[in-house]
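You will see subunit A twice below: alongside subunit B first, and alongside subunit C after that.
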Partner chain A sequence: MIERLLANLDTLLLYLFAACAFVSAALMIVLAQPMRVALALISTMVFLGGIYGLLGVHFIAAFQVLIYVGAVMVFMVYAIMLLDVRDPAYQRRYSRYLVPGILAGVAFFAALAWGLAREFADVAEGGPAAGGAFGIQQFAAAFLNEYWLHFELTSVLLVAAVVAALAVINVSRRDRG
Partner chain B sequence: MDKTQVLLALAVALFALGMIGVVVRRNVLVMLMCMELMLNGVNLSLVTFAHQAASNVGAVLVFLVFVVAAAEIAIAIPIVLLLVRSKRTLDLASYSDLKG
Partner chain C sequence: MIQDLVVYAVFIGYAIGVLMTFGLVLTWVERKQAAIMSDRIGANRAYLRIPFTDVRLVWWGLFHGIADGLKMILKEDFKPRTYDWYAYAVAPWVAFTPVLLVFAVIPFGGTLAPAKLVPALADWFGDRTYPMQIARLDAGLLIVFAFGGMTIIGAMLAGWSSSNKFSLLGALRAGSQMISYELVLGLTVLGLILIYGTVDLDDIVRQQSGIVLGFLPAWGVFLQPFAATLFMAAAIAENKRIPFDLPEAESELIAGYFTEYSAMKMGLFMFAEFIEIAIIGALFTTLFLGGYNLPYMNDSGFVFPGGHVVALPYAAVVVIQLVTFLVKVFLMCSFQILVRWSLPRFRYDQVLRFAWKFMLPLALANLTVTAVAVWLLHAVHA
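Right, the complex of A and B next:
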């Protein structure tokens, strides 16, 4: 019993992480306080990082935690702390599109899941061994040999983002002064 | 259901939950976080397909999505702070005069 459990520990952990990620994503819709929503999103991201680690893409797992949780969500949490807690938006959770939104979301999920089930019903598991094609070495070589143009384009995107953020700050200064 | 199908179902569920959150919630910051949830769902599907096909392309795309998410949040948060400064609330309904 115990040996069988230990032999399947990877799969078991994967399902556990998947269930936890789904539950915390569902909590994001339900919880009222933005800080709790942010914590639910952070736990979703950490569980997804665990899934990536179990799939053998360790560098993506590390960057999921570093970039998403460490940078993006910390920024978000700071923004939440900057804002007023007595905001009326904190008490009334849902907009008037509650029922149509949920109906459309469920229909969207059903359509996507139906398409996936039809396309991938006969796909065998047969995945590669962990670490085979996924080492950071192969990834880095492919990244800088074949995809260097995309890499450079991301730097252009980041510069554009910095300029846009500065422009937004300038707009607010002009409004105040 | 094998591992790949479970992960793909989770990716679809995360994307759909994020979409529901963007439509349903009233708070602008919560809507932004739901957009991040949608990006996470896309990332999970990319990693799952890359793992199944043993190719690096999915991992490269995931990195590009990371960068896009960082840029998006770096612009979106100042815009939200600016909106809050002019309207004094995070409620999306009070921004409806921004419609053209």
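Right, the complex of A and C next:
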């Protein structure tokens, strides 16, 4: 009994994490309070990290939690902390874009399902499959040999965004005098 | 299969036991060490009386920790009228759990071969061996930082959801301070990663049992003395302890972000802080002080400078490694408490300026020098 449970533990945990990630992602869309939305997003990220960990790519799991929770969400929570909790905008659960949003969501899911179905057909025919262990060494080599230019371009983009943000703040300050 | 389950259940039990004991003992060490440093008698009131006798066991105030625990469990569980009860209830756990999880990747001993240690179990275990670590992951150090970043959210959630201006100010301070010092913490460790060429913590410990310059053990603290100092300072700031305890500065913000927490919920925040002292000690030991090994020691015995080899029986190695790790961690905890009772508190702008204008440039300079040195050494050897 325990032997069988242990043998299938990976699959069980995978389903558990996937279900939790799905539920928190759905909550993120439905909830109205910004802080609860942020919490739901954080738990989605953590459960996704758990899925990556189960797939054996621990460093991707670490990056998922480190970057999305430890950096991105920390700043979002920091910003939400300073919002006014009595803002009437939180009273209404859905905005007036509810119907177009649902339509776009359905279209997106259809496209995703179509793409996945094609991928699965490929895999069934013996197409691109995961080859060997992808450890942090391989990741680092691929990252610094093939993708360093993309990475540097991203940092340039981020600096541009920082400059733009500062400019926007200065403009609004000047308007107020 | 079942053997693995048993071994890892023992490891997890050991880790939680060690951390809880450290958390409890450190509350006492903090008081007693403060008393010794300021020439007072100190914690000496709580005692256990042996039933039906008049014998009182004071034991240098060791039972103060139990008295604290009892008080926290029995006190009124006050709940403020808050606009988000969910965030208020979940915040102490978000601050506490990641601190425990960090220990999962820290190696607290060498390799465990149950068959060699207990011959009676030889049939059951066969020739299985286990690294003494809950999870040996190739991303070890990254996982430490991933979980370390989550505690910030706990502090900010607690302050925000308490419906109290003091709490909110404390949360703001905690957020900015922890984000700043986490950056410094990450940069100081990068130099070590360059030298050892790995983020696997067990591998880092094994590489430290060598010898450099003919006589020094190859400990991180000798290879990266500068990074070790910066790491310790940034880690104390990350844990929000004096001289960096501005998020809970009593004279300005009552108790900062956990002002509105009472009873065991407040206890969780305090416990998280004390366990984090032990975690910082364990991390410093693993990265800079040779981990679970004594100087010149490896899994088979000692290799002294000059090629003198002393082989040790396996059981002795396991016991020495477990004890060495605990002693080193305890000494580092004691050092952190020493710092707490020696230095006065910064002003808040000074804390942030210290991080961004002093420690960050120093950490970057250390990284640059290390990178150039490692590159030169590789060029010479090639």
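Operating definition for what follows: the second predicted complex is superposed on the first by the 153 of 177 C-alpha atoms of A that agree within 3 Å, B and C clash if a C-alpha of one lies under 4 Å from a C-alpha of the other, contacts with A are read in each partner's own complex, and residues count from 1 in each chain.
Quick note on the criterion: contacts are C-beta pairs under 8 Å (C-beta built on N, C-alpha and C of every residue); 3 or more make two chains touch, one makes a residue touch a chain.
On a predicted model such as this, the values are computed, not experimentally measured, just so you know.
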Item to check | Combined model on subunit A where subunit B meets subunit C, clash or fit | outcome: fit
Checklist entry - Which partner does A:Ile2 contact after superposing on A: first (subunit B), second (subunit C), both, neither? => result second
Checklist entry - Which of the two partners, first being subunit B and second being subunit C, lies in contact with A:Leu39: first, second, both, or neither? => result second
Checklist entry - Of the two partner chains, subunit B (first) and subunit C (second), which one does A:Phe63 touch, if any: first, second, both, or neither? => result both
Next on the checklist: With both complexes superposed on chain A, which partner does A:Leu98 reach: first (subunit B), second (subunit C), both or neither?
Outcome noted: first
Checklist entry - Now for A:Ala164: first (subunit B), second (subunit C), both, or neither, which partner does it touch? => result first
Next on the checklist: Comparing subunit B against subunit C, which has contacts with more of the residues in subunit A?
Outcome noted: B
Next on the checklist: With both complexes overlaid on chain A, does A:Gly50 touch subunit B (first), subunit C (second), both or neither?
Outcome noted: neither
Checklist entry - Just subunit B (first), just subunit C (second), both, or neither: which does A:Tyr15 touch? => result first
Checklist entry - Nearest CA pair across subunit B and subunit C in the overlay: distance in Å? => result 14
Checklist entry - Which subunit A residues are contacted by subunit C in one complex and by subunit B in the other? => result 59, 63, 71, 75, 80, 82
Checklist outcome for this item: Residue positions on subunit B within touch of subunit A in the complex are 2-10, 12-21, 23-30, 32-34, 36-37, 40, 43-44, 47-48, 50-52, 54-56, 59-60, 62-64, 66-71, 73-75, 77-82, 84-86, 89-93
Next on the checklist: Could you list, by residue number, the parts of subunit A that touch subunit B in their complex?
Outcome noted: 11, 14-15, 18, 21-22, 25-26, 28-29, 34, 37-38, 41, 44-45, 48, 51-52, 55-57, 59-60, 63-64, 67-68, 71-72, 75-76, 79-80, 82-83, 87-90, 92-98, 100-102, 104-106, 108-109, 112-113, 116-117, 120, 123, 125, 127-128, 132-134, 138-139, 142-143, 147, 150, 154, 157-158, 160-162, 164-165, 168-169, 171-172, 175
Checklist entry - Tell me, which parts of subunit C touch subunit A in their complex? => result 1-2, 5, 83-84, 86-87, 90, 137-139, 142-143, 145-150, 152-153, 156-157, 159-161, 168, 171-172, 175-176, 179, 182, 199
Checklist entry - For subunit A, which residues are in contact with subunit C within the complex? => result 2-3, 6-7, 33, 35-36, 39, 42, 49, 58-59, 61-63, 65-66, 69-71, 73-75, 77-78, 80-82, 85, 135-136
